[in-house]
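By written order: A, B, C, D and E. Residues from 1 in each chain.
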Amino acid sequence: MMKKSVPLIISSMIVLLLVSTAVFAPWLAPNDPYATNMAMKLQGMSAAYPFGTDHLGRCVLSRLIMGARVSLFTALGVLAVTLVLSMVVGVAAGYLGGIADLVLMRACDILMAIPHFIFALVIVGALGGGVWNMFIAIIIVSWVGYARIIRNMVRGLKESTYVQYAKMTGVPTVKIVKRHILPFVFPQILLLLLIGTGSTVLLISELSFLGLGVTAPMPEWGMMISESKMYLSSNPMLMFVPGAMISLTVLIFDWFGDTLRDAIDPKMK
Amino acid sequence: MLAAIWGVTLVSFFLIRLIPVDPVEAYFAINNLPVTEEAIEEIREEQGLNKPLLFQYGLWLMNAVQLDFGQSFLTKTPVAEELLSRFSVTLGLAAAAFFIVIAISGIIGIWSVVKQGGLVDRFTRALVFATASMPSFWLGFVLVYVVSLKWGILPLMGWGTIEQSVLPAFTLALGYIPYYIRLIRTSMLEEIEKPHIAFARARGVKESIIIRRHVLKGILPALFTSLAMTCGGLLGGAAIIEAVFAIPGVGRYLVESMAARDYAVLQGFILIIGTLYVIFNFLADLLCAIVDPRARLKRGDI
Amino acid sequence: MKNWFTLILVLLVGVLAACSNTEKEQGNSNSETTGSDVLTMSWAKDIGSGNPHVYAENEMFAQAMLYDPLVTYGKNGKIEPALATSWETSEDGKTYTFKLRENVLYSDGTTLTAENVKRNFDAVLENSAAHSWLEAVAIIDHVEAVDELTVKVQLKEAYYPFLQELTLIRPLRMLADSAFLEDGTKNGIKAPVGTGPWVLTDYKKDSHAEFSRNENYWGEKPKLKKVIVKVIPDSQARTMALQNGDIDLIFGSGQLAPIEYQTLAQSGQYETKISDPLSTRILAINSTYGATKDKNVRLALQHALDRKTIIEHVLNDLEKEAQSLFAPGYPYSDISLDPYQYDTDKSIELLEKAGWKLEPGNEFRTKNGETLTLVMPYNSNEQVDKAIAEYIQGAWRELGIDVQLIGEEWQLMIARAKKGEFNLIANDTWGVPYDPHMYIRTMAGEQQIGYYAQKGIPTSDQLTDNISKVIRSTNEEERRKLYENILQTIHEEAIFMPISYRTNYLAANKRVQNLSFSMQQYEVPLNTYEVK
Amino acid sequence: MLEIKNVSKSYRKQGWFGRKKDIQAVKNVNLKLKEGICLALVGESGSGKTTLGKLILGIEEPEAGEILFKAQNIHKAEAGVKKQLRKELQIVFQDCYSAVNPRMKIKDIIAEPMQVHLSLSKEALQQKVEELLVQVGLQRADAAKFPHELSGGQLQRVTIARAISTDPSFIVLDESINSLDLLVQVSILKLLKSLQKTQNLTYLFITHDLHAVKLFADEVAVMEQGEIIEYVADIKELSRMVHPTSRRLLDARLSIKRDASIQDSRQKETVS
Amino acid sequence: MLEIRDLSVFIQTDNSEKEVVSHVNFTVPQGKIVGIVGESGSGKSMLCNAIMQLFRQNRRYTGDIIYKGTSLLAKSEREMRHLRGKEISLIMQNPMAMFNPIVKIGDHFVETLQSHERISKHHARKRAAEQLARFQLPEDELLDRYPHELSGGMLQRIMIALAACMQPNLLIADEPTTALDTMTQMDILDELLHFHQKTKTSMLIVSHDLGVIAKMADFIAVMRRGVVVEYGPAEWVLAQPAHSYTQALLAARDEHGDLEKLADSWEGTTIGPLYEYKPGCWVREEG
């Protein structure tokens, strides 16, 4: 079903590289990302500090590498939870129909009516800052849309002849869903979620930028940008580097999603 | 549609009530005032916060229908007034960004289909995609730093003149452009694959007519639906842009009100933005129905 | 298709038209910013509606520009005449009689009278709930207009800082009769009409405000003709606006990040200035929570704090090192206390004494299997607070202290502080003219940071008793004694860690001259500024 | 064997502004199918043939009337009986590609109904699948293939294998050959015919192709707008149908013999 | 008038090339109807598209297609566009998909007319109405209707009217009745025949249904896997099929056939050379 493609191999390698950077961050970081050293603050590039140091004399590169953890782990965690949540609700609503469907669709209408960023902002505001609350907020705002997509897909599949046949023959519902519905829905949604991961990374950094995300001294890219804002004229590198990291991550996930989609379904290019 | 708007009122009212900070305490805190029990009770009474929640909701809803969202806890001014004056600014910003999105993604998207795979096409697309992946707050600062401060081309910040709107509108728009280039490109290619295009070619219809009348018109419904979503997103995304560029818009106001836990403002804001979204979607459906006669049959509830 | 294009065209034209309209408006005010006696400054927030008797949305500096008090706060807490030229206090300290200045004109041309002053006082008293924090309002029994220019204020009880609190920017400043609504001022005013040196002449919410010189001002008239205040919420944006020449002046603590100030100062292209101490930046220690219940731990922390590094590197030398809770120039604050010196050895010794031992292989000290953990919330939007917190966390890790930072929005942080769920928290004293009595007073009220600081010490009851006594005292000598006692206890129990004295600072174009600061933190002495 | 008594069914269609419109798909239909025969149900599209098929299979519920299979009411039977009925009643769809899950292997497709109705061990199931494949003229090796690897004719054989796997007695052939190539149609019809004999099957053959009917069916019923308008008990009498719609259906058959009149007129034109 | 000379069509995919039409030869004489019959995948539609030069990008051709003495393969896209619809018209199968659902019927006519001559919208509409009237269609009613409001049979009729509106010299009908009911199919075929008799337009009709071809064609070509196995005047091919594949097809359509005796597959070779076994009748030699 899937074609082998060179771009896909390259892009998945880069994603893998990124993820393993996050996983092995504590061992990869050349310096302690939390160690403050006022004597060494706001240094330029050097052998010891490849990207220089920040306003508390911490190694920027080490903080960037550790920062990958927050962004990626949160984004991937959101991906996983959203996947499960939207699958369960979407399939239930789409396949069973009735009240479940009605409730979901109305909930969708309403929740989609509030722009994601604002919704997340309000939820984080309500729950308080911190990685965990931010994580919850992002899931709350994102799962509904996916659930709706799944619901629509399931509705289409439910009408397909082979599902009708399976129902007619008396195949149990759980088995029909497992066999005839999930294998079609799963890869599509995974793909959509992967493509959406880029925007999740952006959302995380935006919330952190506003001081609603992670707590210091945990290094997070959005927060690093807001910390370094005041050094823009004296030390522009400090702001440039985390921004570039965010862009790069978003771009890589976009590209990965694109290549994956092309490989799965070349027509959708 | 009315059902959806009603739902939005529910969310805007009760979601805000989830916030664990007591609004009265917030009122005191934001004013840096010491709190006494009597003072709390007095404010509570004054704002009707001591009534049952459902009663409060009913009251709020009744007033909201008459475009009265109550008074800001913070400034004592009517929320509707505050919001409307700021909304005009944000809508201006969003509208400018909206046209930039349509213009740029339209040109690049159509170009990329008509002159597929050209060098210029590839380069511009790569550039646009790269910029879109940048966080808007960061991009905003970099643009201000480079364009305004280093080159001195455009004004730094503020709002009111066309020059002042260029940078923020662009920053806001950039995030959406690649999405639309992709949407336009994908749906145009999809449309071109359709058999009726082959039939039109077989009739010798001019390529320009095919692109205009068949392909572009064919992608409009998908475009309208997405644009309606984007309108909401642009209004939401304006919050950060407004902070960076010192624009007196509603997004910045939201962030400030959020920090102050100004219930009345937050509720009114979410209600208005949700209603706008519902209206945008309704308009999109309407436009779709105008373009695509088949959509007229499908719409059941209004 | 054609219709669609037309629709877009129409919308486009509409937006352009809207833009060009506002452009014209903006253009007018822009042209005036370049005048030689016009100063353009930035402010982080909108100035508000200009009601002198309420708080929130109104920015104090603007209220101070428009309205005058009866008396003002001079150097070292000396009360000086303003709208009142002289005053008398009765023996029992309950009656104050003010003689008003003659021929003081409001900007609408009306004259200041005793009746008018009474009306202002009454309007404030009518909204007493909002002012309950302020003893000067709560303590007033009634106000009388004795004659055309004499006002008598009757207090319920004696209250020594009454005059001091009359100098506040709000709420006891004078508004013209014509500006009152029927129900007073609590629900707004008709127009900002005051006796102050400035008159509000143009205002666009969240965008800009324009003040013109009050030609009828009773005192020395401002040198500038106009002051335009632009609202720029972001500090980096303010800096860039100054560099770009869009504004002439950035004024105020927190309006510039220390590093930004330093960069501007070092560039030599701008006039920069730092004020005398205004208030004290402190870390309050919770004596009722966790490890900091132990006095030895509190003392250890006092010795572990390296103020010099914080001031040099985080505050960029913008603030002076603080040795005591109140700067020595404050009333009753010039007592000699032996400050805690930065000495990590002593700190470790104290920790060991308190039973917190560093077991081999552990990163942090432990006692009975518990780790020495200090909870420290900070306002996630305050970059300086955040940097200090992060620095302390890093520095104290070397002593085996685990500082857990909780970055929260200000509201949530306050909520946490009210519940007392912290070991350490950044706090400021109230500054001129409130201190010392206002900050001391918070220590007696529940749910306050100061309350949690003292509640856990053995002499807590005596301390709060002294606090309530000192405020009621009419005897200068007794007051001095009580304050000495209070400040002594605070110091000995090591419940506050003063870091630095907050200052105001400003950065301006070289063309702005005669730059100075007021005594009060939130007042900009624009009267004296000049533009070349 | 199967008796349809006064069965009616209508669909509700939702229109603009929620207006609802009822469309009568099957009107008061009576039919009796004898065991072992093949009844062809003929009619234009939209005449209600497929709905009738779905009613018989229990996919749809009738609004009025009843359908008896082996004297059991299909729609009102108890759960146990219903399961037995599901085993006995099978269907072969028109579009074989949409009738199978494209991500399942042939062996799993065929095994699906057996897993529900027969409790076989894994090996026995495998064995049975292979037997079925051979029975419908495919290779044992095809079991491991995916649907897209097979041609239309082969795949239709798979769905036939699936249909007969539960050992049914009645199969609805819902336009089962109409989208196949001509020679493949012939081969499928041959297969079905031989299966009918060996398995003792009864067919309801839904089609609009009278040519295939003539080759394959024993009895014919013609439907128009939900009603049976003509019933022919003997296939040999097909050309003697009298109802105008039946006549038109007969006339619309395209013969490979040249239409004399047109031929004549043509020749005249070329001469003149 | 149209001559296909040893035409082969190759479809190019990413890294391979597939021959879908192989060395096909036949001609469409002026004023005659040529029918091509073959199973799905036999390359019939590819042939139609090759003549119209549609989907040029990923096709490769060898041999030649000569229309009125000039090669269509050599023509530029611009020249082809002028030819399409005006000189050579195409009717495609599945009329429901061939009309743009969001464009009114009348506009389909208008854009076709305007693409080939300078004509105002008003005049074009008038011409469209006349054209619809010529095919006994209710012109005033149809012009402002959308395709989805009409039945397949009606749309197919409109398609014929549309294809005929520029008075083409050659009308290619690719499976014109496949998606239709049997009764509608008959009507459409009659319509086409009627049109042919009136205008003497040359036609190329492609169908998988031998019945359709038998009804319409003067000459019949039988295709199998991209190859023409037999070609000749309709009478000859139908009465005395020379190739065994043609014979099998005919037998399956025989009214008096017996299921048991019919051939259900044909696996013969199609690679043998084409030879003329009678004047004008060509057949492939079988292995």
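The rule is short, and it goes like this: a contact is a pair of C-beta atoms (placed from the backbone, for glycine too) under 8 Å apart; a residue touches a chain by one contact, two chains touch by 3 or more.
Model, not experiment: these values are computed from the prediction.
Path length between chain C and chain D in the chain contact graph, taken as the least number of steps between touching chains: 2. Listing every chain that touches chain A and chain C alike gives B.
Put simply, the chain closest to the centre of the protein, by Cα centroids, is B.
Relative to chain E, the chain whose mean Cα position lies farthest away is C. A comparison of the B-C and A-D interfaces places the larger number of contacting C-beta pairs at B-C.
Taking the mean of the C-alpha atoms as each chain's centre, chain A and chain D sit 50 Å apart. Centroids of chain A and chain B (each the mean of its C-alpha atoms) stand 21 Å apart. Taking each chain's centre as the average of its CA atoms, chain C and chain E sit 88 Å apart. Note: centroid distance chain D to chain E, computed from Cα atoms, is 31 Å. Listed for chain B are residues 20, 141, 145, 213, 217, 261, each touching two or more other chains.
Among the residues of chain A, those in touch with two or more other chains are 125, 128, 210, 229, 232-233.
Taken residue by residue, chain E touches two or more other chains at no position, since every residue touches fewer. Note for the complex: chain C touches chain A at residues 234-236, 239-240, 243, 257, 259-260, 263, 309, 312-314, 378, 380-381, 383, 386-387, 389-391, 393-395, 397, 405-409, 412. Contact residues of chain B toward chain E in the complex are 194-207, 209, 213-214, 217-218, 291-294. The part of chain D that touches chain E in the complex is made up of residues 44-45, 152, 181-187, 189-190, 193, 208-211, 214-216, 248-249, 251-259, 262, 265-266, 269. Of all the residues in chain E, the ones that touch chain B in their complex are 52, 54-55, 81-86, 89-90, 92, 94, 97-103, 107, 111-112, 114-116, 146, 148-149, 162-163. The touching residues of chain A, when paired with chain D in their complex, are 1, 160-162, 164-172, 179-180, 183-184.
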